[in-house]
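One structure below.
To keep things simple, chains are lettered A, B, C, D, E and F as they appear, and every chain counts its residues starting from 1.
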Amino acid sequence: MDKKVAIFRKEHFNAAHRLFVPEWDDAKNEEVFGKCSNPNYHGHNYDLVIKIVGVPDPKTGYVMNLKTLSDIIQENVLDKFDHKNLNLDTTYFKKLNPTAENIAIIIYEILREKIDSKFDLFVRLYETERNFIEYPVK
Amino acid sequence: MDKKVAIFRKEHFNAAHRLFVPEWDDAKNEEVFGKCSNPNYHGHNYDLVIKIVGVPDPKTGYVMNLKTLSDIIQENVLDKFDHKNLNLDTTYFKKLNPTAENIAIIIYEILREKIDSKFDLFVRLYETERNFIEYPVK
Amino acid sequence: MDKKVAIFRKEHFNAAHRLFVPEWDDAKNEEVFGKCSNPNYHGHNYDLVIKIVGVPDPKTGYVMNLKTLSDIIQENVLDKFDHKNLNLDTTYFKKLNPTAENIAIIIYEILREKIDSKFDLFVRLYETERNFIEYPVK
Amino acid sequence: MDKKVAIFRKEHFNAAHRLFVPEWDDAKNEEVFGKCSNPNYHGHNYDLVIKIVGVPDPKTGYVMNLKTLSDIIQENVLDKFDHKNLNLDTTYFKKLNPTAENIAIIIYEILREKIDSKFDLFVRLYETERNFIEYPVK
Amino acid sequence: MDKKVAIFRKEHFNAAHRLFVPEWDDAKNEEVFGKCSNPNYHGHNYDLVIKIVGVPDPKTGYVMNLKTLSDIIQENVLDKFDHKNLNLDTTYFKKLNPTAENIAIIIYEILREKIDSKFDLFVRLYETERNFIEYPVK
Amino acid sequence: MDKKVAIFRKEHFNAAHRLFVPEWDDAKNEEVFGKCSNPNYHGHNYDLVIKIVGVPDPKTGYVMNLKTLSDIIQENVLDKFDHKNLNLDTTYFKKLNPTAENIAIIIYEILREKIDSKFDLFVRLYETERNFIEYPVK
């Protein structure tokens, strides 16, 4: 029976964002999102951990070359998000609130199209060292 | 289909404890628990990671406001355990040995009553950077 | 002879900023500041370590109560900078570029007025885990 | 019903290794493994996290004494791998490429024989802070 | 001219303590030391970093063998403090308040007698990740 | 008066090495260097922190662009040391024992020629999380 192994690659990006629901007024947004609804944005050093599950190649011993994985993340996620304003500079959060939950889901959907479907894919996103997210949940 | 996301909040507390079985003599306790059975107690900086699994609210993008989760942990766990002697100052470890396993189970049971039952709940407890616990196990 | 001890307190804040020189055009700003000159801002989880040097009180054994120090940092730095846009939401960086160097100098100048002059004061500011600053230099 | 708890113990070792497939020429090995195929070896500080799942003893509150677990890891893994050349100084990687995937599988197979079969066993291996592996996958 | 190099060794110990001034009443102690004056003690995972400054031996390239330094710290500090109650189980804090400042000074004084006087010696003590101390100050 | 600021940049490299004095026999080398004298080499993930002290440019607010500093470290240190055998693949440790002390001194000497002499330069090198070095010492 083939042995499944999970490989992980950690990357990071720095971005600004603002949390708010457009149809709510400022008072309601501040009540729900607190300081995170500051209209002039705030920001984070996001740490991103991508997990791939698959069977190691019997010759190379690699599930997938982590350099290849790192390049895919760089080109499809970091080049779009790093040193950007997530609300203004990306297409993903025009109508979707850029909570850590939604950022993780978007990153999953972006990468799912780029990673061979024979591999399972999971995203862990640290907004701060103390607040983080995993998607999907097994 | 609804998308389940796991959110994590990391908190910490500093406490003293002693591991021992009352019906055993000192020699037996030292044999089993080593330095951890010191009658005058020792202590730890415990790091506590609470994991909640649920579906993000389509409007806010939050599974649960992490500030709300942090407040629940503060009021129900940290206010009881932080800067306390777990054996003497809490009601939970009068007859139960305060191993990391048991502390994690107790924290789970405390929080399970405070967290909406639509959410799955998991506890990770670091006694030291090198010794840690997860409960429950999926 | 009195024994001098250094005490350190680590705090953090999340903020957005943009690096640029107003009298330069966009091309020149991008050449010098790269992605950091993005007009829509980006952001960081800043870690701030404040160092105080003084002689411990012979009775309490404290150079200064770290809780007091934490409150001073909270009121004078974090309440102004956390979840803010450093360029737009603070008075300090209207004409001063919010590089990590300048943020550290400003934090020093703010705290120097609030910390008893019998104590030496030093600021360490992490913009990321890999880029950080100390001011002043002994 | 018995409550299952996962306990974790983190250890580390420092080792040299080289990645290559013997039947490939140098150009092919460099194409696949990059700098990791350097014939004179390079090395890592490996962090190893062993996870054991079981039911805490009702008297001691321990799933397993972490000191006992640490001793088993020391004797069966660290004494063989620490400050060693994985390709030359161990018997495991004579024909098997010492990728992080394969090292994790080997460590699992070594420990599986030493850990009581009533416990589930999992291995997490950090080759660097940013590249890591888990085996087996639930 | 000889080149001075600083070498650092990080160790850790887990201990319980209580902060209070015996001639003060409980209200005064709680006012000054807050939760740290809990009569039943609390505890910490202390991280200890010892810094030695000297000239590397031209043959070995060592200022001092870090294994030797580690053994000296183990025998003279860790064996006395690890898994102990600093107030009750050691001789040093019978009349001296075990603040991080005083613990660092005591560790310095213990080690200064054991480390060759040709080396400069410095102590850094982390009580928590966010509260730490250095002694002496250059 | 100009305000001096210290800027830090953290990089890392993975390398193999062996500690030994060629004119000593194996027994003597093992007595002094222990497991570090293993003839087949072992390795480390070295973390390197470079500190530059200077006065921020009044217009840009930079002491030195950290991207420029990072590029200098990459080209002059990492390209030579990363994924290499320090004893065999570099010119620096043919006659010099690659202790952390000597690696730090060599990195200082390499970078001192590449960094403008108006800046002070300091090297911190982590061989492991628990063993590290600083050179020069102020």
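One rule holds in what follows: contacts are C-beta pairs under 8 Å (C-beta built on N, C-alpha and C of every residue); 3 or more make two chains touch, one makes a residue touch a chain.
Every value quoted in this text rests on a predicted model; they were computed, and no experiment measured them.
Shared contact partners of chain A and chain B, listed by label: D. In this assembly, the chain whose C-alpha centre lies farthest from chain F is B.
Because chain D and chain F share one sequence, their contact can be compared position by position; here over half of the interface residue numbers appear on both sides.
Superposing the C-alpha atoms of chain E onto those of chain F requires a rotation of 120 degrees, given to the nearest 5.
With chains reduced to the mean position of their C-alpha atoms, the one farthest from chain C is D.
Averaged C-alpha coordinates put the centre of chain A at 41 Å from the centre of chain E. The distance from the centre of chain B to the centre of chain C, with each centre set as the mean of the Cα atoms, comes to 34 Å.
Each chain gets a centre from the mean of its Cα atoms; for chain A and chain C, those two points are 28 Å apart.
For chain F, the set of residues that touch two or more other chains comprises 34, 129, 138.
Chain contact topology: the protein chains form a pattern that is neither a line, a ring, a star nor a complete graph. Taken pair by pair, the chains that touch are A-B, A-C, A-D, B-D, B-E, C-E, C-F, D-F, E-F. Note for the complex: chain E touches chain B at residues 12, 14-17, 34-36, 38, 40-45, 82-85, 88-89, 128-129. By the touch rule above, chain C contacts chain F in their complex via residues 19, 21, 32-34, 96-102, 104-105, 129-138. Residues of chain C touching chain E in their complex: 3-11, 53, 56, 59-63, 65-67, 138.
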